[in-house]
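As written, the chains take the letters A, B, C, D, E and F, and residue 1 is the first residue of each chain.
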Amino acid sequence: MGQTVQIGKLALLIATLDEDELEGFRPQLQTVDYCQGKAGSMNMQKVISAVETAAKRNSIISEDVYRETHALYHAILEALEGVTRGQIAIGDMMRTVGLKFAVVRGKPYERSGEGEWLAVAFYGTIGAPVKGLEHETMGLGINHI
Amino acid sequence: MGQTVQIGKLALLIATLDEDELEGFRPQLQTVDYCQGKAGSMNMQKVISAVETAAKRNSIISEDVYRETHALYHAILEALEGVTRGQIAIGDMMRTVGLKFAVVRGKPYERSGEGEWLAVAFYGTIGAPVKGLEHETMGLGINHI
Amino acid sequence: MGQTVQIGKLALLIATLDEDELEGFRPQLQTVDYCQGKAGSMNMQKVISAVETAAKRNSIISEDVYRETHALYHAILEALEGVTRGQIAIGDMMRTVGLKFAVVRGKPYERSGEGEWLAVAFYGTIGAPVKGLEHETMGLGINHI
Amino acid sequence: MGQTVQIGKLALLIATLDEDELEGFRPQLQTVDYCQGKAGSMNMQKVISAVETAAKRNSIISEDVYRETHALYHAILEALEGVTRGQIAIGDMMRTVGLKFAVVRGKPYERSGEGEWLAVAFYGTIGAPVKGLEHETMGLGINHI
Amino acid sequence: MGQTVQIGKLALLIATLDEDELEGFRPQLQTVDYCQGKAGSMNMQKVISAVETAAKRNSIISEDVYRETHALYHAILEALEGVTRGQIAIGDMMRTVGLKFAVVRGKPYERSGEGEWLAVAFYGTIGAPVKGLEHETMGLGINHI
Amino acid sequence: MGQTVQIGKLALLIATLDEDELEGFRPQLQTVDYCQGKAGSMNMQKVISAVETAAKRNSIISEDVYRETHALYHAILEALEGVTRGQIAIGDMMRTVGLKFAVVRGKPYERSGEGEWLAVAFYGTIGAPVKGLEHETMGLGINHI
């Protein structure tokens, strides 16, 4: 893959695995900055906002620099394409999500000029707003920062 | 999650992890049927075809029953939404993919009436048709069968 | 077409024709289970919900089995692609719909292994939220169940 | 519906019904101009082209006036949204269509200022490029001309 | 371009340039009818409504003829595809717009049979609902009327 | 707008205006780096490739750094959403484009931390592959670099 650090794979694993399962990946996780959180909602705004707030509170991106917010926003949207598969909408289409998410910041490439990139991953469930009427879903977005 | 077997998570792990990393998940993998493969192309038809062929050759779905092909096809398309993020196209948009994929068939729900479901996962790279000008991508599709 | 029962065509006719016009198709209608209803709204949730409620109340699908709800939901969404043509949204895009719908469940294929399938059809009007500023619209979705 | 002539419904019926079934609708069909044809292909260009050629050869639209070609083109694309449900693509997504189509031109509204409108309807099958691995599909597009 | 009057270019310039910059284009502007306005909102309905209201108040289109509303509505939607780039949504995706818009009506083609066409252009900013966290955006839609 | 340099507006003007019309904007153009070119094709790959090649040959972006290619690619795609309005496809949908394009690189924001951004603009015609059967189209994409 020519990538020394797979930020997308790491974001996926943080969002998908439980603490025990993640144990074996600790050495790889030390090569990046990351945060994680949860978002359960029929409201897409709340999902986007939960990721942005977590990334800023944990200093994964700088709150004061628009270009970092812009990079994160587009990585979130790309990840939500995977979650929603066709239309970035949840409540409007009578469905709800319960998601774990991870934001990873790191240097995937050996060439120093490539600098830092962001990965956003979601994993959880999507379905009718009735407990149990749901299946798994996930999404990954990558952007340069 | 109310699911006894997370077929989506297992498909993700098969597509994403190498053999060593997958070792700890062997007990979970024994609860499902699955196959895996690779597809690298600028041609979306070839990617779809590679997954369908692998699933049929490995008897994950029946070749003779259209409803199984139909279930798999839509799971593949949903997974490709995550891979392509916006338009299910690769070569036409001057990009190429190098993907590992997994197809998992199992019973995610305790209620016996829910029967069998399929999960299709892709993980790999997407980018310009030039070595190294690429980043990670992934997608997951789930369907009842 | 290799199909013995055209569930999609029947759903279309139920949604489109009035009682008199439908008379000649009674023999074909006796080969399937179906229900019909109306949905007029600027709110997509209400349209989806009206179809799901009608299908469950009339026992076209089972209320207790998620796989049947899942099959119906995706058939509804596919039919709404035809109705909305581009973005599955109505009120957010300043338009309203007045629709008749039909849900048909039957066995379209001779091979017994193909089992049962669902067809969802909508027919009616879409337009500005002003009486008369509207034109016809329709959509059809098909799924295995 | 406030419409005196339902050009969309007529287009649908022409595309969907066989000659016998269409018999009862002859009086309504005499209030509009229409043509019909067939298109079977994995190539979207050929489907679009078949409809345009039929509409021009049968003088449903004028070959020499761009605004009529423009009106028809967008009505075709809207109908194809219903046929393809999500991405206007067939062969690129490893699927093929066998379609009957109808183009109807008429005056749907009583107000004389509303003038003429076009309806394009498709009905047939979509599926894998293997005989029998397919299900019904349809679409309707409406435009002012 | 074979067009004697570039209604799209004129709409773009009205939406983009300030009064001084627009001075040199006055002769071209005298060949068309146009209006302009502003719309700042997280609510897509309000943006669409602002353009429709301006076009009707300034008699660019007739309020009483649906075909003119229909032509304008689709030109607005096409322009919003450029503004939103992928999903016609703003507030639902946690973003807000501040737009100048122009509606131009004219005869772009020499052939008299081509008649009148509409151009709708937007220019302004799109971004997070926080002052300064935004970048430029624009869109253009064209339709026959 | 809080932006000192409007790279999007400048890209639009370069793509849209002729040399004489552009004269008055020379002082603003001296605050940015830019290049321009033409692309006429039914092949989306060629359009994307023409912009990338021009940007690299004119040193607007560095050929050796993937993050710059990545930033440009997404700005091109966003601009093509405006050009194609709904599906990023041309020949597959039986239409062709004749476009002028501009790539502008500059610092739109006063805050030094915001760094450099890219704007890509297209202006020209889209229509049937027959001379004269076409109307204007345009698109703008913006990205941090």
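Throughout what follows, contacts are C-beta pairs under 8 Å (C-beta built on N, C-alpha and C of every residue); 3 or more make two chains touch, one makes a residue touch a chain.
Please read all numbers here as calculations on a predicted model, not as lab measurements.
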Selected from D-F, C-D or D-E, interface repeating A-F by over half of its contact pairs: D-E
Per Cα centroids, the chain farthest from chain C: F
Length of the line joining the C-alpha centres of chain C and chain E, rounded to whole Å: 35
Geometric centre distance via CA averages, chain B-chain A, whole Å: 20
Whole-Å gap between the CA centroids of chain B and chain E: 43
Multi-chain contact residues (two or more partners), chain A: 66, 70, 86-87, 89, 92, 109, 117, 132, 134-135
Pairs of chains satisfying the touch condition: A-B, A-C, A-E, A-F, B-C, B-D, B-F, C-D, C-E, D-E, D-F, E-F
Complex contacts: residues of chain A adjacent to chain B: 1-3, 6-9, 12-13, 16, 21, 24-25, 78, 81-83, 85-86, 98, 108-109, 117, 119, 123-125, 131-132, 134-142
Chain F to chain D touching residues, read off their complex: 86-87, 89, 91-95, 127-128, 132-135
Chain E to chain D touching residues, read off their complex: 62, 64-67, 70-71, 74, 109, 111, 113-115, 117, 144
Contact footprint of chain B on chain F as seen in their complex: 44-45, 48-49, 52, 66, 69-70, 73, 77, 87-89, 92
